[in-house]
Amino acid sequence: MSMIEFKNVEKYYGDFHALKHVNLKIDEGETVVLIGPSGSGKSTLIRTINGLEEIQEGQLLVNGFDLHDPKTDMNRMRKNVGMVFQHFNLYDNKTTLENVMLAPRLVLKRDEAENKKIAMELLEKVGLADKAANMPSELSGGQKQRAAIARSLAMRPKALLFDEPTSALDPEMVGDVLDVMRDIAKDSSMTMLVVTHEMSFAKAVADRVIFMADGEVLEDSTTREFFEKPKEVRAQKFLSQVEHH
Amino acid sequence: TAKKNEEHQDTLARVEKLGRIVWGVKADTRLFGLMDTKTGISQGFDIDIARAITVQISKQTGVPMSAEFVPVSSSSKMQLIKNTNIDGSVSTMTITPEREKIIDFTNQYFDAGQSILVKKDSGIRSIKDMNSSKYTVIVVVGTTAATELKKFAPKAKMLAVQDYATGMQALKSGQGQAMSTDNAILYGFATENPEYHIAGKAFTHGPYGIAFDNNQKPMIDETNKALATIKENGVYNKLVKKWFSNVPGLDWHSLEAK
Amino acid sequence: MNLLQDNFPTFLQGFGYTLLSSVIALVGSMILGTGFAIMQIVPQKWARKIGNVYVQVFRNIPLLIITFFFFLVVSKYIKMSGFTSGTVALMLYTSAFIAETVRAGILSVDSGQMEGARANGLSFAQAMQHIVLPQAFRISLPSLGNQFINLVKNSSILAFVGGLDLMYQGNMVAANTFDTFSTYIIVAIFYLVITLPLSYYMQHLERKLKHAA
Amino acid sequence: MVTLGIFSAFTPQNVLYLLGGLGITVGVSVISVILSLIFGSVVGIIQFERLPFFSKFVGTINNVIRNLPLLLIIFFVYFALPKIGIHLPIFWATVIAMSTFESAMLAEIVRGGLESVDIGQFEGARANGLSNMQTMIYIILPQAYKRMIPPIISQLISLVKDTSLALGIVLAEMTYRGQIVYAQNSTYIIPVLIAITLVYFLLNYGLSLIARWADHKLA
Amino acid sequence: MSMIEFKNVEKYYGDFHALKHVNLKIDEGETVVLIGPSGSGKSTLIRTINGLEEIQEGQLLVNGFDLHDPKTDMNRMRKNVGMVFQHFNLYDNKTTLENVMLAPRLVLKRDEAENKKIAMELLEKVGLADKAANMPSELSGGQKQRAAIARSLAMRPKALLFDEPTSALDPEMVGDVLDVMRDIAKDSSMTMLVVTHEMSFAKAVADRVIFMADGEVLEDSTTREFFEKPKEVRAQKFLSQVEHH
């Protein structure tokens, strides 16, 4: 069953055509990596999936919800789709633990004791149990990102979206975050879509790689195919640049 | 506690030197001093009296003087005299012993007493009816009515506003059940607002005087003399007729100088 | 300072009413102001328009006229005392300024906070209430404090409508004693007792926030 | 009754009378604006310069004035100052009271504006050989004022609105004259209040549009 | 003759001892590079030289002026000592040309025509003649720094101080600025003291290198000596870190 499906999607920022005729299907449990040069529309695409950006034409189905239909209840849809941002976007006014517990309490009305238990388990899992009582400003970048992942997981989403989760981190922090993500990807019921420049992560974890440029999906292949012989010239060029770096 | 005022110059000397008398007059009080929006100068009995007195003093002293008018409010007129912003005041000002400690009054130029203005259908017949905490009486800051009210209706609440215009509006919008001040002033409002009338007889006696700063005997004497003259020569009665002959329910002849 | 001794209860009563009016107006204007601040940033165009018109109107007309309007016009239909009229006017007037302050505060909260909350499943209202507004208030605390100081000062408008406040009682004492100089100095001291410490505290807060930034 | 008021309240002579009040409102405002811009700048700069003792002293006085109700200052200047021999005609009493208060408010804006100028601008100028005074006049003030235009205009809007308080001492400005007009006939009250409100609104909204334009232009 | 001389100088920020017992002599015409780890007091030292910071003890002579003497006229002293900052500190409210012309006009009362001629020559020299009419906000970082140098030169100073003039610049801008500085250093009458991490510049241009750490001058050697065999262990360690980078 497909978890996320783009059908002839067009997205404009004013006059600017940011997503051009996108067709894309991601099945439940799949782990997909989305790559492409800066400004190609990766963030735009991923943000449309949980409704942070509206699309202007086509159909976008997420977990059965039609996002282009004004009658769709976005808040209900979002319960099932988590998102992790480049700049973490932790709640600056809440402790790490409260960051994780807030949405389940408010949205899922999860029982307080259970909520706390689940939250602590998740913080344990991402290696932050000892930072539960700290404020985000007291965490390092890598810790922030792991907290943000725990926060997303607490909602028990069916799909998780990552928008360059490691690119704002100091190099020594990247590993920890990727480890956590790898862990999540192992869970076969979780659908993951990840924008990243970490090619080693993509090679190791992704089932499929999607390459975008100028708002278009240029290539959509299995990981092995993509890294061994990318079909598109621009994808080849992009790969050589990224790996060289 | 008022300070003595030796340092103030002699008012008569000042007005003679400058050739003008600056009178403080009301701007919001029908019949006595109501602003004429065309000329920007108040019109009323007080203004005409001030003019007549000025003319008369000019004659007496042989110094030609003009009359100038500055609008004052009940709350500001005392201060303005003390501050010499105005030379004198003809502004429905009741002669009281407390005030006489601080400023000087001439002989009375108009006889008045405090009353209440109420809605005709209110059932209130006199100030005594209002001695209850369920009533609010509207007065204007700095008038004698504010002090007198405490004696005659101690239980009634008091609402003091800055001027009569606001007071009357406040009465109409139900902020209080009565407005209390001199009957002479209330007549003006009753003329204007037929659904209101004056309830009961005046419960105080408080004639109006023309006021100057204290220790101004020369000016007081000149003014008293002028006042006596216009009462004698008929000017005063003409003004009474001009302003009060059309007030319903008022026997204006009783106001004439005998 | 006989004057102070003789009239102390009067001054104290005035001080009490000034405080009471200020606190009521503060609470009211915080609620209203926050509401109109949010109206100005929601996606709905009509709500923004209404919010904007409200703020512009109340910011640009004198408090005195709003007060007169309630005291003389509205009270014909809804009974309200001078104190109430003045306090309501004060509340509406101040709420426009608070709306501006809070709106600026909200806009200065990183947009990632709202996005994070929405993506996390919170509704717009929940995200506002739990995440954005608390941060916005913190940022705008110094200017909110200054609005409160203005509010206390502006409460002197009650004197025009018999609001029993400090300024009103001061005028009464001045009219009775003719000792304007001492009276107004005493009134000034009473006002400063509220406003001056607040003002110094706000300056301190402002400096602290600036250093933190 | 109300509709009747609307037609008869605005006779040519009443309108002229109210416009005269507008003239006084604008007159008081303009003179006070000029005075308070000058004094507010001086006091703000003194506070900013942190001169030993003097700046603290001026700053304290400024804070006291800033934290008093303007209405109190108006009453004080008109009713209390004569007690110590200072007599002012009503127009000037209003102007002095407003200028005193608004100077204190503007001084605070000026101080804040100066403090928001990057410290590097001072250091650059000082290292370049400019004296303190030259640095202030040629480098710091021009930059600070540019940034201060919007808050200064908001303060000026307050000033225009606050002229209405002078009705407390019977200055014949617009609000007072409005009262006089509806003292003639109480059905005039609603139309007169609305008309006055509208005039203030247009005056101040105009100013705030200038502020917004300036903000845009400078951003 | 010595242009700058520190004799037992102590400088405190409140309780913090920022310069410890500094002794240092820089002769007229010398080009000296000052290096050291972050927080070692380099900026503090250079800022004391034109009076932006006061010293608390010792003697500091600059071009014959005793800076610790309250009677010294700082404004006169500063005519002879220019300074270039990390963040340029151009006058944001003046054009490039006006930035260069202002101080000579106000302080030296230089004739307007001559002032303009000199200013344009200097802008020519730093390669900014075509930007004379632009505002600082319209310049790139490298252009700003070159304008700042021209501004300093316009006062015809005997000494020029540079506090990390290139470290706020994008890499591609650094070269142009260093070129201009190299040019100035060639003028044998100009005394230059430069805080920088550009070791290649130091090697090529400096007569001497001074190494600071923790507020102390630890090493003061000729350039060759310093780079070939630094005496101090900390200087060795510092060099290896910087050059590795």
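In this document, chain identifiers A, B, C, D and E correspond to the written order of the chains, with residue numbering beginning at 1 in each.
Please note the rule applied: contacts are C-beta pairs under 8 Å (C-beta built on N, C-alpha and C of every residue); 3 or more make two chains touch, one makes a residue touch a chain.
For clarity, every value in this text was computed on a predicted model and none was experimentally measured.
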Remaining chains grouped by touching, chain D not included: A, B, C | E
Chains touching both chain A and chain C, listed by label: none
Chain whose average C-alpha position is farthest from chain D's own: A
Centre distance in Å when chain B and chain E are each reduced to the mean of their C-alpha atoms: 81
CA centroid of chain D to CA centroid of chain E, Å: 47
Distance between the centres, which are taken as Cα means, of chain E and chain C, whole angstrom: 52
Intercentroid distance (Cα basis), chain C paired with chain B, Å: 39
Of all residues in chain E, the ones touching two or more other chains: none
Residue numbers of chain C (touch at least two other chains): 68, 72-73, 159-160, 171, 174, 179-180
For chain D, residues contacting two or more additional chains: 79, 83, 167-168, 189
Chains touching one another, given as label pairs in label order: A-C, B-C, B-D, C-D, D-E
Residues on chain B engaged by chain C in the complex (per definition of touch): 1-2, 75, 78-79, 82, 102, 138, 141-142, 146-147, 159-162, 166, 169-170, 172-175
Footprint of chain C on chain A - complex, ascending: 50-52, 75, 78-79, 81-83, 85, 87-94, 102-103, 106-108, 148, 151-152, 155
Chain D to chain B touching residues, read off their complex: 13-14, 16-17, 20, 78-79, 82-83, 85, 87, 89-90, 167-170, 172, 177, 179-186, 189
Complex interface listing, chain C residues touching chain B: 2-3, 68, 71-73, 75-76, 79, 81-82, 159-162, 168, 171-172, 174-180
Chain D-facing residues of chain B, complex: 3, 7, 27-28, 30, 34-35, 37-38, 40, 70-73, 76, 79, 82-85, 162-166, 168-169, 172, 192-193
